[in-house]
Amino acid sequence: MSRLRSHFAVIALLGYCSSGLADKDYLPRPAPSEVGKELAFVACPLVRDTEHPCWLAEYEGTLYYLGPQGGSSSPFIAPQLNHKALIEGRIAASPPICGGVVLEDVVASVLPEVDRSCNSILPAEGYPSPPTIERGPAPTHRDNTIVRRRPPIEAPQPPFDERAFVVQFTFDVDEAFIGNPFHTGVRPIQEAVRYALASEARRVRVIGQRAQVKLSNGEWLRERADIGERRARYVAETMTRLGVEQRAISVEWSESPVGNRREDRAVRIVVTP
Amino acid sequence: MPGDGADPQPAQRLGPRARVALAIHAIVGLALCAGDTSVLARAGEEPSFSADSHSDWWEEGDGRVLPEYVAYPNRAGMVGLYNKAGVTETRGHPFFEPIGSNGRACVTCHQPANGMSVSVDSIQERWEKTQGKDPIFAAIDGSNCPSLPQEQRASHSLLLERGLFRIALPWPPKARDGSAIEPDFELEVVRDPTGCNTDARYGIRASGEVSVFRRPRPFANLKYVIGTERTDGTVAPIDRVFTPKGTATPFAVHPQTGLPVSMQIMADARHLTLQSQVEDAAIKHLQAREPVDRALVQKIVDFGMQLHAAQAFDHRIGSFLAEGMPEALGPYSLARNRPNVLGDNWDNPVFFDFDKWRVPAPGDTPEQTAFRQSVARGYDLFFLRPFYIRDAMHINTTGIGNPSKRACATCHNMQSTGMDLGTGWVDLGTTNLPWAKEPVQSEWNPNKPELPLFKITCKEDRPQHLFLGRVIYTQDPGRALITGKCYDVGAIVMQQFRALSARAPYFSNGSARTLRELVDFYDRRFNIGYSEQERTDLANFLSVL
Amino acid sequence: MKRPVLCAIGMLSSIPAFAAPQAQQLSFVACPIMRDTETVPCWLADYEGQRYFLVIQIDSRAKVHPPMLGHKALVEGVPTGETFCGGEVLENVRISVLPEREPACDVILPATAEHVVRDAPRGPGPRDKMEVLRAKGLRPPAGARAPKPEAPKPPYEAREFTVYYAFDWQLAPRDVDTITQAMQYAKQIAASRVEIKGYRASAKLSNGEYLTEKEFVPRRRAQVLASTLAEIGVDESTIRTSWLDEPLRGTGQQDWLLRKATILIVP
Amino acid sequence: MFVDQKALTTATRMGPSPVHFLYVCMLLLCTWPITISAEGAISFDADLRRWWDPNEAGRFESHTLYPNESGALGVVNADGSVEVAHHPFFRTLGENGRACVTCHQPADAMSLSVTSIQRRWEETDGTDPLFAAIDGSNCPSAPQGERGSHSLLLEHGLFRIPLPWPPRTRDGAPIEPEFTIEVMSDPTGCNADPRYGLASTTPMVSVYRRPRVAANLKYITRAGAPINLKNGRAMDVDPETGKPVTMNLLSDARHPTLKLQALDAARVHLQAKSAPSATDLAEIEAFLGQIYLAQEYDREMHDLSEGGRSEWLGPRAMERGKVGVLGDNLSTPVFGPLDQWASNDGMTASIERGYRIFMLRPFWIRDVTYLNSIGLGNPVKRTCSTCHNNMMTGMDLAPGWMDIGTANRPWAEARADLPLFKLTCAKTANPHPYLGRTILTHDPGRALITGRCVDIGSITIQQLRGLAARAPYFAHGGARDLDEVVRFYDRRFDMRLTEQEIIDLRNFLSVL
């Protein structure tokens, strides 16, 4: 550790040198006026090889910190090299992490097509690991003998009314695949299935939505035209395989974007008992 | 395990002494005098023992006589040093005497037992023996930085663990006339574990010098390095104006004669002649307070030109000096053969042929036959087996395309040494990320990075590194520290493939501890997919050169 | 199988392999594609649904050097109607490796029995023995060396040398012989002035668009050439550099002739 | 000849002795098994053959040791010694003379090693039912009886697996695939064959794969979650119980249960004209469900099931072990707590270091479908145990198919002896997350079952048990020994392992 600290000292020292040696291209601290600003941009993600890696992306000359490497159930789902990502987040007031201005409430939507120009692993460059790591690169220290399962889906109780469930997706993604947050993604499908089975639903409407987003540069980015249909078909198929009768299910979708928010990239399941 | 010549399980290794005993026993059938491991022999004669009882290490002003031929043990067998000039009196000889101010002589870092380089094994032994007082550990470059507390092992870790000396080079670089070169890129220190690039006295800002860390190269077989037997520059080893590197770079010319020189000296080809290398080493490494007398410099150069080093004995096979050995083996082969012969062809194959070793020799044990055949297969792999050479600046830029389906011998093409005949600097990836070996950054791994890391940012209007672009992270910019060119970042001049068993670790940054690790680097770098047998064969082949 | 052989040989030796057809030159920017074969790989590129054969891997002596994966290439050449290695052969092909990296250019097609490259002058392994190559007509007979050009005699005249570049390149590795000749002439006549002028150009692509070299290119061509000439022995004090900022406009025919720098040697 | 177990463990430290003789026999001859009596005495029985022929009479003992180059494998028959004469696992069920045991040999960790295959060829001159034309040759239409026609089996231990194309759902309905298949090279001739190929009346894709270990199955066939968290899709269910399964059987998870696998194997590999009876299937399932195996002695003949590691090594540990435990953590590590492996002794110290690397040494895992694609990010800095996370077996607790590049170019070694397919994905499909829409592969793996582009080249992780007994490795048999396994990962993920680390990992794998 002491040697590690001395690296930081060196970097700090370099920071004070006025030579070209350590001048960074950016000053990674948000201007007070920027704090709280919502950002949405498409960029190649970058990963930094700190002891525990952190994820970054550059937009208009500024490097932003997105979050730490996590597990598949972490709040921040890391993006993918070899893919561009739509980054959405809000500039936080906190000090910079890993050399980047901190974004909070970040969603990184991995765009499905392969883009080999996204291929940068930055060296640690003396930065410490990001804070709030749930899980390091080595095996987790948490005690696995203590069962920490998510609460089970409770058996639905009557009275059974019409109920809606929302399945979230990342941008342009039509199933729980590359970078979809599972902890919010799949569970509503299971809940809907439980509810439909328990209430012996007459009708299950599966409504696929397509959304759009206004980027920080003013441009609009729309999801692919058939995304609503694909999402709906995926959810309907999964519900069928989990035991919901196919004839009860109606698959619907919207072809034009229904909204501009992250939440609009979704499938709504409406169960009518 | 047949053919498994370099079985690295420590438990199965004999101690060096035991092996030497074995080896010498095999040559002359005599028991070994304790403490004496050097064996003397004249060409074609039975070796005999020297009477005095010195260790393998040559101290400064040692005073021993260097015989015409001498052999020293190593893990694979013995390295042989053939001094074509004959018996040399070393007392008073400028190569052997401490001609600088720090007690070092040339021989300190160019040890006969280490193929005229110096191995980590020897360095470690010296530390133990002298508690770190040996002049090899001189603060100036035998420590991670002169400003560190010198009595601590940790301050010499790069030398002790990887055999690396600090090389301080002017930044920005200077042209040969001393004028400053405007580099094509910005250099930024992003990691400085030795502290020497940011040091108040030795750092780049304070001293105008960048510190990189490199292995010393063998001071032997030098006619292959300069491309001619003449050292006065009157013979141009190269009949061309431009190097074939795809960057339209001219060959540098000899300062006196104006004739092109080989540009193969040092990892970055910064010295055009052996003389200037010797002069510079006397100042930089031996800390001579004033330039060494020209006659003495010439004496050192002349001495070096007579030295031929190669593995000369394998503990499974016996002496390579015996009749009927493959042409490439042993130091006499290097003395006998011509420099500057292009070898990636069937007219003059790089290491001649090993056909004799494809079939059992009379009286061979099965183990011996297996080893010989393994070496012959290793040579075939080197010479014939194609793979995709890819993204290597100064190789894939020479007109063979990227990638190019070729064999090892495409680049390692100089007969007898496996250097590159056409100015051997190449970015193989040994010092540039992403390929350079970096310690895993993890709480579990106690080894933290030891080498500096530089960020290179190329200027918009300058030619970039074709395969790494405009932003490059590197442990050692290599040739680019001399030329200031982006496309030279990480380009390191290939070394000769001789006496390898005597001078581990390998690569200019000492990143391959063993020959297998050297092979594994290529296997990863070019996704070759060597089988376990092929890996063994290649390591065996390299071990006998 | 006759055609591949001819083709392979035609590419690299100076023997003109094809009679000049009256076809239109194609110019396009594409990712090169490499096809592995049992021997050396061949290089292809796709344009408008058609696959073109560019060159096989040989060595640095080859007349046309292969392109590079990891980079797009500007391909200029005349389609011949012949096919080889799964692509229509382009004659007089010029391949400019574009300097910026393009990681998406990363296709290696596997070797199949369908595509065979026979009698490549240089295989993936070591070069054949000279006698073998000579027997195949791939090397000049032993001892045959081009005579050295005679030293010029006074009165000397001004002579211009033209160095050609790949698109957007500042270095001219393929034209070092021209640079050498310029240096030799300047030294032989003890030139009083060596005037270097850098140019840039646009290439007219087959789709009608113009691709223009970067703004700094003419200046850099002149500067790099000047320092190279000085390094190889031309008296630095005699060298003058200038450059034309305006790009020369391509026509879609042999536009590579416009990507150049000139060296005027004045007695 | 009986020797004391304790004496065996110290064999290497002693001079010539009966024990030493045994050791030499084990290492050099490798022909006979050793049985261990209830009292723990080891018997070295020259009469028992190492190879099990179908319909052979004899007993399958409760605990048998089979020597291999790395020591000895232990096989435990937990329900006790059985007579095999009429046992459906050991009996011919079909037309071609094979039994289940033919390709699941106890000495080869209930799989099959190339060493055994080669020896069988020598001993029977290629007439063993093992070499049956249907899948024991490169193609049934190849001239049988010639070595060259069985080269994939003889050299890489590969059996031909013909799969219908387009794929079918479990109820037989065709699935519309997201990609087209083009055969780029067909060295076995079987994909272009008029009778067996893609253009035949029953179009089939032939791929070539190693048989998997039919033991330690309680870890593999337990109940699964309803949804596969890696792709958000519903898991396959056991048709008998309606409960989801783990989907970790076979390299492509095409069968949900052992019974259905046995049924299919009887039809395809044993060429049974009629399905085995329900009793037979139940008996096979019950038998395999209680077979446990693991390496029991290391190459220096240390008893691996002694001392601190006894809960993690050897077949008895497999029998006792808990199923379904996630092991990529320090409270229930994959092969037990690291301190229980601690050793200062040459070989065992190397094994311990190997285990530490497996558990603790991170590297950049990248471009792996179903690892990087499931929310961990690409790349992710993790260790071997991230994917090999099931305690005791080192499989993936979740459905374990991933594309690590053993089958897909550019990482797959160019194998001239295997078919090469070019798969082109429809524009409307989700592309393979790291290879895009045009993929060259020797084996599309899971995608041959699902028809989905993202599944191309994904192969289910195998258990890391009994490895020393069953080289070569990977589904395509491309790694001849454990060094080559380790070095595949070293190349694939640019791990930069040192020479010593490679040796340590190999030694570690050899004792599992």
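Brief remarks follow.
Note that the chains are named A, B, C and D in the order they appear, and that numbering of residues resets to 1 at the start of each chain.
Just so we're on the same page, contacts are C-beta pairs under 8 Å (C-beta built on N, C-alpha and C of every residue); 3 or more make two chains touch, one makes a residue touch a chain.
Everything numeric in this text was worked out from a predicted model, so none of it was measured.
Contact count check for A-D and C-D (C-beta pairs in contact): higher for A-D. Seen from the Cα centre of chain B, the chain whose own Cα centre is farthest off is A.
Centre-to-centre separation of chain B and chain C, using mean CA positions: 36 Å.
Inter-chain spacing, taken between the CA centroids of chain C and chain D, is 53 Å. In terms of their C-alpha centroids, the spacing between chain A and chain C amounts to 48 Å. Chain contacts: chain B has residues 434, 438, 442, 444 touching two or more partner chains. Taken residue by residue, chain A touches two or more other chains at 49, 121, 137-138, whereas all remaining positions touch fewer. Residue positions of chain C touching 2 or more other chains, listed in rising order: 36, 101, 108. The touch graph of the protein chains shown is complete.
If you check the complex, the residues on chain D that touch chain A are 226-227, 229, 231-234, 325-326, 328-333, 359-360, 362, 364, 366-367, 372-383, 385, 428, 430-436, 454.
The part of chain D that touches chain B in the complex is made up of residues 346-347, 350, 356, 360-363, 381, 410-411, 413, 480-481, 483-484, 487-488, 490-491, 494, 496-500, 502-503.
Chain B contributes residues 241-242, 244-248, 250, 253, 258, 344-347, 349, 383-384, 386, 388, 390-391, 396-407, 409, 460-464, 466-467, 469 to its touches with chain C in the complex.
Looking at the complex, you find that chain D touches chain C at residues 184-185, 409-410, 414, 420, 438, 440. Touching chain A in their complex are the following residues of chain B: 186-193, 195, 198, 204-205, 433-434, 438, 441-444, 448, 453, 455, 473.
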